[in-house]
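In the two assemblies presented below, chain A is common to both, partnered first by chain B and then by chain C.
Here is the complex of A and B:
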């Protein structure tokens, strides 16, 4: 088990800068999930930690020791690839034993380690088969087994569930969590599935265009996004963002007659000239009412998505379309008039120019 | 080919099968011709129209392996009776077997030596070309090589020139360095021919092997070399087998350089077989016998590697 640090890490592929001044500390035994869009540099960051990619500048430390110039083999880190990359010409047993052969562990001990790992991952019955004879989920288990068998300092996983179907992903997610709790190995996990990220992470790292956007516990990221990118990237449906004017304790939307009023002091220091301010509202921060209510504004529903446990209702408020989460069946259909209010405690304000959360990051 | 077939499709299918058979017959005819000729008595070999029914003999093969000369005087009855069966065949054909003056041992023709030379040169040059090609291809496939595309094109371009064009300069250079008429000389030549081909084919195969295989081995504590041998090589075997078949066929059948560069010690079978046309009257049955035997190694080699070959050919298509 180990602590992993990245300091000022930069990575260029030719002219293309893929990692921009990355600072990150992953604590011993922590499960960190890197989340970001395609091309954000997640894989590159992970490969840099593993030693599969050299960094252009900066330091990578494992337990305080600089490793950026060490070979992958000397870093004692395990890597699980999205494609599993099990060796097709070896049986499951040989695959799992492969890392142990590198350190020339004696046969009896090796067998014991392989069997134990296979038991933990429930693949003992497949040990003598070839990987091609396994289901996707079992291949995945073998890949994780191969990574865990020599008890590495840290376990890096690059979208390990990416090619599985959604049902299996959910199941494997739970197993990974269980395994992490049992083994307590420092883990870094890359994904672009935010549900996966939220459910697995002790802490999440949001990476966009090679720049670290925010690091924090899943609820922190969700409740206090540090900038517009994080706000829009995390959460589904996407956070509603509308341009607003702020005047004292009142917030005005374009084309809406009634201003929304906030509590005394809630908007302190927010009025800002220039490019203006954006109001961010998650679908559950918007309240709907069938009757005219004080402080609410009139709006028209334009679309309903029934999702079983709840509905997502699109309403036109002034010039904006807002997506609102309601109890299922709350709105009967499109074209209905409803009254829209805000849960002011859940409102976020962003500077349109810098895109930063005006209340500061978590 | 599952599912329902309409009568029309059935007819298309039958036509296709008929066409394939026709093509097969056309392609197999020369093989049949050579095989038949190799077992014919000499006087039936060149009849017009061709003789189809005849009693097969092995005399062409006997003649192929022995040194013979024109029979000037008929042997006595006694001599004839005491000769072994194969010598009688030669005598019946109007020739006699040449023996060593002192020991009386039968002198063999050059065929078996030439055949051996062919095997030595082809096998070694194939192995070398495939190994070097695989390593080169691996390098190009996995590492950043400056001007990679230009290098690959350059490698390919060595095959754009018909090799015979450089035969004379090569011959002169070989004579200076003493590689004329040596196995090593031919091996170097054939390896050089085949190398560019091997690099290109193997590059395709190695590109198809996910680099995660080696990377997994690298993080698991292996060196790049170990990863290559333990992980890449087993995956590349199919491609290497396919490449080897092609290299072997090229080397085995090579005629022009073998003719120019060798004459006795290292001569391979291809220039030797037709040279027999010129000794006395051409005996086509002997040439056919030599050709027939010459076909066998390639057939065996290809047959042994057929599974790899088929998989090799469809490699890129089937993989995800």
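Here is the complex of A and C:
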């Protein structure tokens, strides 16, 4: 178990800077998920921690010891690859035993460790088969087994569920979480799947263009996104973002008369001339009503996605299309007139220029 | 429905205009090759099988008498023939082992990003493209005890590489290694670059040292293609004639192919040499089969 720190880490590939001044501390026993788009630098950051990639400058510390110049083998860290990277010519048993044989652990102890790991991961019945004879989920279990068998300081995972189908992914996600709780190992997990990230993470790290955007618990990231990127990237459907004018306590959308009532002081200091302000609303922060209600504005529904447990309804309000989460069947069909209100407590305001959340993130 | 193997003839083509069907065009291409193969390969093969049971001599007009298995019996009881076989076996072993070590080593060196990799690879492949007889002749000059550059650089004085009974076979094997190690290198390089890079990363994470990684990851994964290179080179080395013939006429370097040549075209024992050729053929097929069996086992993993 270990604490991992990244200090001022920079990484260039030629002229291209993929990690920009990264600072991050991962506490002992914590499950941290790095989330971002592809090319955002999250995999590079993970590989830098593992030692599969050198850093251009900055420090990486594991348990307070600088390791940025050490080889991967000397960092005592396990890594689960997206492609599993199982050794195709070895049986499952040999694959799992490989990290132990590589350091010449004696056979009895090795067998005990392999069997124990296989039991935990429920792959004991496959031990004498070749990886190619296994299903995707079992291959992933073997890859995780190979990582866990030597009880590493930390477990790094690079989109380990990326190639599995969605059902298996959900199942493996639960297993990973269970395993983490049982083992308590420091884990760093990279993914572009926000649901995976939110369900697994103690803390999430959002990376974009090599810059750290926000670090925090999943609900914190969801409820208090620090900037527009995080706000739009996390959450499904995507947060509605519309340009607004703020005048005193009034919020005006383009092309429509609205009467959204914000409480006293909620808009204090937000009226900024010039650059403009964007209003961010999650689909559940928008309320629909069939009757005319005070503070609500008239709008027309344009599209309905029935998802069973709830519906996603698109409404046109002035020039903007807002996506709203409603109870199933709340709106009968397209082209209906509805009244749109806001849960002002869940409204976010962003500066269009700096893209920062004007309420200030956590 | 059976899948379409042949592309259908375009009805607007010249061939169609001349009234040719798909089938007749196919035959047009295949039949000459098959005829050639039968006339120059299959027929002599069977005909010589017939000769191998006779005392036929191509240099005389005397009719061939059927002698049954006598040729085979004589050959297999001849200690000189066995000497030829043991020389050949030694030669094959030295030469193929040398080629694999040198070739695979070069492939390992080339299997990384180095400047001018393409040029270096091409230069290393050059020996393979030369004619055997030419290679034999200029190595003879290199080995020459009076003015050879090898003795000059190694400071061996008048050492006679090709006349020394203990050294001559090794000297020939060295030339063969020089010439054919690039072939093993080429195939090994293909095998090495097919090993996924992430397996090496996984091995590094798993704390495997470089030797452990080589013997447990690299070698097993390259083994099938390396095996194919070894099969080719073993068969070729077994049949070596020109190199050894040009380089040395030592009794200690008399490979079976040379013995066979002498028997057939200097002593004109046509029937006997046919039998000899068949013995060699069976041996090559047998040895190749051992490799193929092993190759299939490796591939099954």
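Heads up, the rule we're going with is that the second predicted complex is superposed on the first by the 362 of 362 C-alpha atoms of A that agree within 3 Å, B and C clash if a C-alpha of one lies under 4 Å from a C-alpha of the other, contacts with A are read in each partner's own complex, and residues count from 1 in each chain.
Criterion: a contact is a pair of C-beta atoms (placed from the backbone, for glycine too) under 8 Å apart; a residue touches a chain by one contact, two chains touch by 3 or more.
Because the structure is predicted, anything quoted here is derived from the model rather than measured.
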Joint occupancy of chain A by chain B and chain C, clash or fit: clash
First, second, both or neither for A:333, with chain B first and chain C second: neither
Partner chain in contact with A:130 - chain B first, chain C second, else both or neither: second
Contacts of A:308 with chain B and chain C, given as first, second, both or neither: neither
Contacts of A:72 with chain B and chain C, given as first, second, both or neither: both
Which superposed partner A:50 touches (first chain B, second chain C, both, neither): both
A:103 touches, of chain B and chain C: first, second, both or neither? both
Contact residues of chain A, present in both the chain B and the chain C interface: 50-52, 71-73, 77-79, 81, 83, 85, 87-89, 98-99, 102-103, 146, 150
Residues of chain A that touch chain C when the two form their complex: 50-52, 71-73, 76-79, 81, 83, 85-89, 98-99, 102-103, 130, 146, 150
Interface residues, chain B side, partner chain A - complex: 210, 212-213, 215-223, 226, 230-231, 234-235
For the chain C and chain A complex, residues of the former touching the latter: 196, 198-199, 201-209, 212, 216-217, 220-221, 301
In the complex with chain B, residue positions of chain A that touch it: 50-52, 71-73, 75, 77-79, 81, 83, 85, 87-89, 98-99, 102-103, 146, 150
